[in-house]
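Just so it is clear, A, B and C label the chains in written order, and each chain counts residues from 1 on its own.
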Amino acid sequence: MLDAVTAAGGVAATTDAAVDCRALTKSFAAGTVRAVDDVSLAIRSNEFFTLLGPSGCGKTTMLRLIAGFETQDSGSVFVHGQKLDGLPPYRRPVNTVFQSYAVFPHLTVEENIAFGLEMQRRPRPEIAARVAEMMALVKLEGLEKRKPGQLSGGQQQRVALARALANQPRVLLLDEPLAALDLKLRTEMQLELKRLQAQTGITFVFVTHDQHEAMTMSDRIAVMRAGKVLQVGTSADIYDRPASLFVADFIGDTNLLEATRIGARRFRLANGVELDAAEEGAGDKVMLAVRPERGVLVAPGGEGLPGIVEQAVYVGADTTYHLRLAGGLRLRLRDQNRDGSAARRAPGDAVAVLIAPAAVRVLAP
Amino acid sequence: MKRAGDLWHFPGARAVALAVLFFLYMPIVTLVAMSFNSGDSLTIWSGIGLRWYGVVLDNDDMLRAIRNSLAIATVATVAGTTIATMAALALARGSFRGKRAIQALLGLPLVVPEIVAAIALLLLFVLVGFRLGIVSVMVAHTTFTIPLAFLPIRARLADMDPSLAEAAADLYANEWQSFRRVILPLIWPGIAAGAMLAFIASLGDFVLAFFVSGPGSTTLPVYIFGMIRMGITPTVNAISTMLILASVALLSLSYLLGRRFR
Amino acid sequence: MTAGLRRWGLLAPSLAIVGLFVVAPLGIIAFVSTLDRGPQGTVVWDRHSLDAYAQFLFERDLMGRLTLNTDYLRIFGRSILLAALTTVLTLLMGFPTALWMAFQPPRRRGLLVFVVTVPFWTNLLVRNFSWILLLRDGGVIDAALRRLGLTSGPIEVLYTPFATAIGLTYSFLPYMILPIYVSLEKLDRRLIEAAFDLGADRWRALTRVILPLAMPGVVAGAILVFVPGLGAFISPELLGGAKSMMIGNLIQEQFGQSRNWPFGAALAFVLLALVLLALGLHALRFRRERASP
C-alpha cells in the first residue's frame, strides 16, 4: 500500500491532477509485447513532468495513450477530471510535439501554427493575433511565409512547439523533441523549454531517454522500464534515494556492492569488510549502492577502507579513480580537482576510502 | 591507361542498348512518317501531305469512336482513381487480418490474361442480360484502372511521414479534414500520376473493348482494328499517329510534372 | 465510426468491383465451360456436359467415335513455345540495355527510363500494325532489301509464327527492361567495387556479382513477359495469320465465327489455370528461397 503511494509520487487527491492515468495497460503483437503494464500516474498542474527510461520501456506508448493515438487495453486517462477514454485525438484537450516535428511541408510557418485554431473555427482576427504571439514566443519572427523545407531542424522544432502551444492546451505532450538536435542546440532548447513551461503555466509531459536532460528540466521524473513505472520523484529523490537496483544503475554512475546483512543497518561486503548504512532495507542478501562522488579519499592507515589506485581518469574538473580494495573488490570514486591537476593521486598509490553511512543505499539485489 | 570511369562501361552493352532503342522506335517512326504520305500506298512514299488526316477528320464513324474512347477513358479514370485512393488510404497503416489477401485481390485484374477477363465479363453481361454498350466498356475499364492507379498513390502515401496525419488529428482535425487539408495535398502527385496511367491505358485498350462493346459504342482501337481487318488504307496510319501523339503528349506531361514535384 | 469500420468502408468499392466484375465472372467461365453448346453456338443454361473439355483433345468422326485431335494441343504448344521464345529474346536484348541504362549518370537515367517507357504506353494495336507496314510483302523492309539487292522475291515474313515472335518481342520488350533496370539501379555499387578490388575483371564481376544480385529483376521481367505472352491476342491476330494461331486467337474464334461458347470458356479456363500455375510455381520457389537460410 505504502509502495503504491510512493510510486504515485505522493499525490493524494487526484482531482487536482492535470493528467491522471489509472491502471493503464497496452499490449502489441497480439498480447506478446506488454508496452504499458498496469501503470498509474498522477501529474500535477503547472508541472514539468518527465517520463524517463531506455528504449522500449513504454514511455512513448504512455504519451500516445494520453494523446489518443493508441487505445489502451484497460485503464483510464483523465485530464483535469475529464475522462478521455474512447475520444479520438481531435477531441482531447492536449497537444503533442512529435519527435519528427511533423510540420506540414506544404504549409507555411504561419499556416502550420494556425492549423489547430482553424480546425476549431476560431475567428480570423483571433487566429492572426495568436499566430503572431506564438511566433514571438518561440522567437521565429520574420519567418512567417517560409515553408518547412527552408528551415533548419531547430527552427522546425520551434514551429512544432508554437503550433501546439497556439491552441492553449492545458497539457502539452513532448515526445523526445530534442533528440535530433546537436548538443549545443539541445542544451539551448532545454533551457528554452523550461522557460516556456514556467511562462505559460502549461503542464508539460516530456519523454526522453537522456537522464541528464531529464534531471536538468524536470520538476518530477518517472523512471520506466519494461512497461512499468519504477519510481516517481524529483531529481534529488531519484538520484539520492533510488528505489531499485535498476534506477540506481540507470541514473548516474553507481558502485553496486553485493553484501549480506549482519545487523539492522550493518552489512558485510564480499571481501569481508563491514559497512554501516543509514537505512535498514529488507532481506539478508542486499545490494549496496554508493555514488562515486560520496566516497572520500584519505591517506591510508587510519579510518576508511584501504585500497590501491588502479587507474586515474582525469577529465579536467574531476578525476575518477578506479580503486582495488582488499579482497579484489573494485570501487569507483570521483573527486573534484579542487587543488588542481597536480594534486591528483597516481596509479599505484595506496589510499583509503571513507564511506559515510548516509551515502549507502540498501537495495534488493 | 584505363580511366577509373571505364570500369563501369560494359563493352557491348552500349551497342545492344542503342540497337534496342532503335528497334523500339523505328516502327513507330516509320508509321508516323508514312502517315504524312500524300500518295495512296501504305509504304511507298510519294510526297508530303496531310491528306489522310483530312480523311480521318471527315469520317463520322471515326469521330464517334474517338468521342466514345474519350468518354470511357474519362469515366474509368475518375472512378478508378477515386476508388483506388480510398483503397490506398484504407491499406496505408497497420496490419490487419486479410490485408495481404486484399492486396492480392486488388491486383488480380492485372494478373488475369486480358482475353480471359474479356470473355468472363462478356459472359457475365450475357447471363445478367445487360446490354453491351458504352457502360459495359466503362465497367470493364474501371476494373483495371483501379489497380493501375493504386500503385503510384500507394507509393506516395508510403513516403509520407505517418506522424503528419497524427499531428493533424492532434490539432483537432477530424478524419475528413485531415484528409483534405494534409494528406490529399501531399499525395496529389501520386494521384495525378495514377490518373494519367489509367487514362492512357483506357484509351489504348483493345481486347476488353473488343469483347464488351456493342454497336454504336465502338472505341477507337476497336475501330482501327476493324479498318485493318477490312483492308488497309493509309487512313490507319493517320489515326494511329494521332493516337501515338496523344499518348506521348500525356506521358510527357506526366513526366514533366513528376520532375517538378520531386 | 470506428477505425475498423472506416477502413472497410473505404475498401468496399474496390473490393465490390473486383469481386463482381473479375472474380465472379471467372467463376462464370468455369460454369459455362461445363454447359452444353446451344443451337447458335451459345449456351444452353441448364444442360451440362464435359463436351467442351473433351473437344480439346478429341473429336467425333463420322461414325461417332472419338479420335485424338492434336490441332488444339498444337496451338497450346505453339503458345507456350512462342511465349518462352519471347521471354528469351527480350531477356537477351533487355539485359544489356538495362545494364547500360543503370550505369548512366543519374540525370540521364530518368530521361532514358522515359524514352523506354513511351513505346510501352503507345497503343499495342498501333505498335503491332506498324510491323505490318514493315513486314508485309511490298512493305518497307521488303522494298529496302530488294533495292539493296539482298533479296529478289517477296520476303514472306508476315503471317508466319516468325512475324508473331517479332511482334511479341516488340510488344513486351519494355516489360523486361524496366524491372531489370530497377533491380540494377538499386544495386549497391560498393559491392561491385569490392569485386573489382578482389581481382575480378568486368566480365567476372558481371557474371558472379551483378547478375545474381539482379536476379529478382530478371525473374520479375520474365514473368511479366511470359504470362501475358501466353494469352497474347493482338500480335498473333495481326501478324500471325490463320496458320499461327495462339490460345488467345483460338478463344476469340469460339466467340466469333466458330460460335462455340462452352469450348471458348473451357479454353479460357485452361489458359487461366496455366497462368495461375506459372505464378504459383514462382511464388513457391520465391517462398522457399526466402525460407531457406
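Simple rule for what comes next: contacts are C-beta pairs under 8 Å (C-beta built on N, C-alpha and C of every residue); 3 or more make two chains touch, one makes a residue touch a chain.
Being a predicted model, the structure only gives us computed values, none of them experimental.
Colleague: From the Cα centroids, identify the chain that ends up most central relative to all protein Cα atoms.
Modeller: Smallest offset from the overall C-alpha mean is found for B.
Colleague: If you tally contacting C-beta pairs, which pair wins, A-B or B-C?
Modeller: More C-beta contacts join the chains of B-C.
Colleague: If you average the Cα atoms of subunit A and of subunit C to get two centres, how far apart are those centres in Å?
Modeller: From the centre of subunit A to the centre of subunit C is 62 Å.
Colleague: How many Å are there between the centre of subunit A and the centre of subunit B, using C-alpha atoms for each centre?
Modeller: Computed value for the inter-centroid distance: 56 Å.
Colleague: State, to the nearest whole Å, the distance from the C-alpha centre of subunit B to the C-alpha centre of subunit C.
Modeller: Between these chains, centre-to-centre, one finds 18 Å.
Colleague: Inside the complex, what are the residues of subunit B that reach subunit A?
Modeller: Interface residues on subunit B, with respect to subunit A: 161, 163-164, 166-174, 177, 181-182, 185-186.
Colleague: Touching subunit B in the complex: which residues of subunit C?
Modeller: Result: residues 4, 6-8, 10-11, 13-15, 17-19, 21-26, 28-29, 32, 42, 93-94, 96-97, 99-101, 103, 110, 114-119, 121-127, 129-134, 136, 138-140, 143, 170, 173-174, 177, 196, 202, 206, 227-228, 230-231, 233-234, 238, 247-248, 251-252, 255, 261, 264-265, 268, 271-272, 275, 279 of subunit C touch subunit B.
Colleague: Flag every residue of subunit B that touches subunit C in the complex, lowest number first.
Modeller: Those in contact with subunit C are residues 7-14, 16-17, 20-21, 23-28, 30-31, 34, 42-44, 83-84, 86-87, 89-91, 96, 102, 105-106, 108-109, 111-117, 119-124, 126-127, 139-140, 142-143, 146, 150, 175, 200-201, 203-204, 206-207, 211, 221, 224-225, 228, 232, 236-237, 240, 243-244, 247-248, 251-252, 255, 259.
Colleague: Over in the complex, which subunit A residues touch subunit B? Could you list them?
Modeller: Within the complex, subunit A contacts subunit B at residues 67-69, 88-91, 94-96, 98-100, 102-106, 115-116, 119-120, 163-164, 167.
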